[in-house]
């Protein structure tokens, strides 16, 4: 199976990485984690992106805050799907990171998830790999059913509690 | 090859659909267009999403404005990758559609592109299909080179004009 | 009397539900609470909405955060009045939930109250039921008078304290 | 049947009133239109609100822009359901009117619809009146079916156009 | 001398009132404090405003949060200068209160100060009373000189500390 | 009577000045207009502010856009009441000018009116001068009655038109 | 003298470039214009930045819109001062470009000017070059005096017009 | 070497000053710190700015919050490069200070860095001084390499931790 890379712009976002990796491993998707900064190590970002397809990666997940250029800088150097996670940091609640990640110019898309949406980034990468992998698609469908069942259980519990 | 569906919440966004379809056809990707509303025809949205994988779709692109629930409503009913295009309409410049599309809760991701980013949605769907299709990946790489060449040509032209 | 349903997108918002239910019971309005997610259990949301009028419900209150689609998803499946409570969660202070709830497209209204406005949602549902129920209207008028009296008492107290 | 009042803060918003009234008359709901300003004629606003229930009104719709206090000023003087339509005017796209209308303090709810959402305000008032009026509820259900059918027709048409 | 009234929409903002009153008393300006709500006690707000000039008030200061209508509701009922203090409460950082206070329609001005700007509201009321009161103007000038002197002292101290 | 100065940061805002002056002259208030920039002619701004009280001014109105420092720069140099009009220019709808004008630090207040609120700035200056001028207060009360009467006339007219 | 480079992310912003170049030439500063995209021609952006100091550049001005990464991508590859001009495009009025340009992470600064502030970017680059060039500093001082004189002239003219 | 001044609008921002000074001293750049307020000590701000070039300053860094006029007030009185640091304070997360600092009118630029970006302000001032100081440029290049190396080290460490 193709691998998923989880790239952080800063190791202060390690919780996001852990959430991504946890979800990916739960789905048996091979993955790797990196700390690469679009601004502090731009060459590493470009190099990683350029060789990622040949290295066996299928999707690249990039998490960054503030003027979050990481996903865009990676997307500029590959035609693999790139998922951007805007991270909240500072006083603007992640609005800066969200706009910096999602408002990409025509020609270079970034698939943006919610502010801090690490788990969803992992699920989205799985959905992408599952397009041609029916077994993974089934594991995703199963995870959805589990999610629905949990919600139903919470529904029953809350009805009791607040009755 | 898997197909891409382009779904509009309202036919007033037909230009976005045309831009998507144009890009997809340029890349030889089979595609279909639909007008389905998360609010006016919710059952149709759920039905389309539920059967999409079996109908041969690989990626679903959803364009909607205001409280843009279309991508989320579709994503809730499939584990295919769903791409959301927030459309600007009304006075908030698309900020409402952007937040309604991207801020999805944990478990149900939507791959959001820029406000009005129809062409990038098409390219992103192509990148997703290209993960397991080296020929499409090459067409995408080629398109990138063309884009770079055009920028270089504009660079030369502007240098002359403003010299 | 018609019943009021209080539906949460996530059981993490149970405080909002408790505030709603408390206010409704204080006004002797029959009510029920549910956890139903527009994204995790979309079919349950549609089913509940479709049968709500026949089940004796008069108003449906929906509380959700982030890309808060719950009220819209319910409203899409009923012509009962649907009240949306945008819940703050994450860094954007509830602006995402507010816009996702209130900016509904033409044809499918949602009656939106303030971010976190659980008590007002309950009062609004009571006002709706009171349109044809003079006794409930009188209880609401009485509650208003109590509110005014409390404000007057606080006025007197503060004047003393800060004199 | 109870009447619906459509109140404008300024006659510059007459298009919104016309849209409301058109929708209400289509549904055979008796209605009246007024221009009353929370700031220029505050006593008229209070007087209208206080006597509205006795005058046979069931729902009050208030449309105002900028620091849109009209709905709140009316709601402060009645326990009838009050629907607020934030109107866009000036450079902030209606965000000022939206927040001024929706962020009501605990105790005095306003049912807020989308910026400029005149038609939805009318539909919401109809839904409120329909809680105890099965015939009106049926007319609303019928309107929904028509809406869905129109969307389906546009779907078919767009598929042809862009095939 | 004319009096200054400090009106709170809610007694939860008593710190703002205390800051106002402290500053006013420091300047020997007679003042009174009230809790009056534009929404819970609208008649009291109108009554207070209507009689304020005859009661000897020269300026009315109104502090309120959320959909902060208090200053506007007071201003609608008097031609005394009304100062509005938008109070931050909830997740929007006071932006809702600011826009609700400042974006008044043509004809009914409110003199708005910063979010939470209680002390400045008191100073502004003093400046207004000082237009025709040279002695108060001198006390204000003196307060400015003190402020400048304190800044100069802090300048000297910080230079030492960080040298 | 004390005079009112209307100061523009840029002569591109001459319409705002004309609206101010028109309203002031209608109320028989002596007034002057100036173009002084906080950034291009900072010394002139400081000089004007410092001598304004002695020159017979009672209120200073400052209109500026973008990073609108004019009102603050004037207020820093006088204890006369300073009214700020944030002017919309550029793409942010005046939000930049509003925040730059209203968010003044403790000690130096600016009485801020709505974005583009030139007429209200003039009325507010009149209200300030009327605190000690009963005749002007009566003219202001009269203007309010006229405003109310106009609204009532529009109310009657719209009721006819849309009947 | 060191040269100033004006780099556009897209040739649609040629007016900004022309405004920059016009101002620079007026001040006799050697300059060059380029179209280089952080996303379409990332290698060219890195290469230009890396060699800029050796090529005789002293300041690099970068203008870009949307998720405006150009200034950041250039700054990541040089320690020359980089000035960012956020360009407004799309519905968000340039807020996206502003945040994407200014919110740079620690270590890699970008000197950001106003949305669309092309002329100021040129002046800022001139101020930077003038730190060690007294003759250029004098030309800048002269330009400031001219600016002040123009404002004074407009002041006189407006006073006449509106007298 | 020219000196860098770090000016605070309020000594409550001393941490920002300390961060600036620390970075400047690490780079062997002579520097001074001041507390000068655009509003409380406007003459001091103007005087400092006017004489700064003759006093041997090359760059002026100004940190202020809220309606942050300090950088603009300083820039209005000098043609030295002025760097503005918007400081977050109050509920708006620094958006007020950012817009007040960056949206300068044509003719008077301010080089704005991120909200709270004290370290980057120091680095930017160093980059400006390094334009004509190759030794300082080398120290900056060295600092960049250190930054890159640290990121690489964190990359290796995180890969281990999360493997």
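To keep things simple, chains are lettered A, B, C, D, E, F, G and H as they appear, and every chain counts its residues starting from 1.
Just so it is clear, contacts are C-beta pairs under 8 Å (C-beta built on N, C-alpha and C of every residue); 3 or more make two chains touch, one makes a residue touch a chain.
Computed from a prediction, not measured in an experiment: that's the story for all the values here.
J.: If you line up contacts by residue number, which pair in B-D, B-C or F-G shares over half of them with A-G? Let me know.
T.: B-C
J.: State the superposition rotation angle between the two copies chain F and chain G, fitting on C-alpha atoms only and giving a multiple of 5 degrees from 0 to 180.
T.: 90
J.: Which integer distance in Å separates the CA centroid of chain E from that of chain F?
T.: Here chain E and chain F have centroids separated by 18 Å.
J.: At what distance in angstrom does the C-alpha mean of chain G lie from that of chain E?
T.: Roughly 41 Å separates the two chain centres.
J.: What residues in chain F touch two or more of the other chains?
T.: Residues 37, 40, 66-67, 90, 92-93, 95, 102-105, 107-108, 114-115, 144, 147.
J.: Judged by the touch rule stated earlier, which pairs of chains are there in contact?
T.: Pairs of chains that touch one another: A-B, A-C, A-G, A-H, B-C, B-D, B-G, C-D, C-E, D-E, D-F, E-F, E-H, F-G, F-H, G-H.
J.: Residue numbers of chain G touching chain H in their complex, please.
T.: 2, 53, 58-59, 79-81, 83, 98, 102-115, 117, 119-121, 123-124, 127-132, 137, 140-141, 143-144, 147
J.: Which bits of chain C are touching chain B when the two form their complex?
T.: Per the stated touch rule, the residues are 9-10, 37-40, 42-43, 46, 65-67, 69, 72-73, 75-77, 90, 92, 95-96, 99-105, 107-108.
J.: Using the touch definition from the top, list the residues of chain A that touch chain C in their complex.
T.: Within the complex, chain A contacts chain C at residues 88, 92-95, 114-116, 144, 147-148, 150-152, 154-155, 157-159, 161-163.
J.: Could you pull out which chain F residues touch chain G in their complex?
T.: 8, 11, 14, 17-18, 21, 32-37, 40-41, 44, 66-67, 90-93
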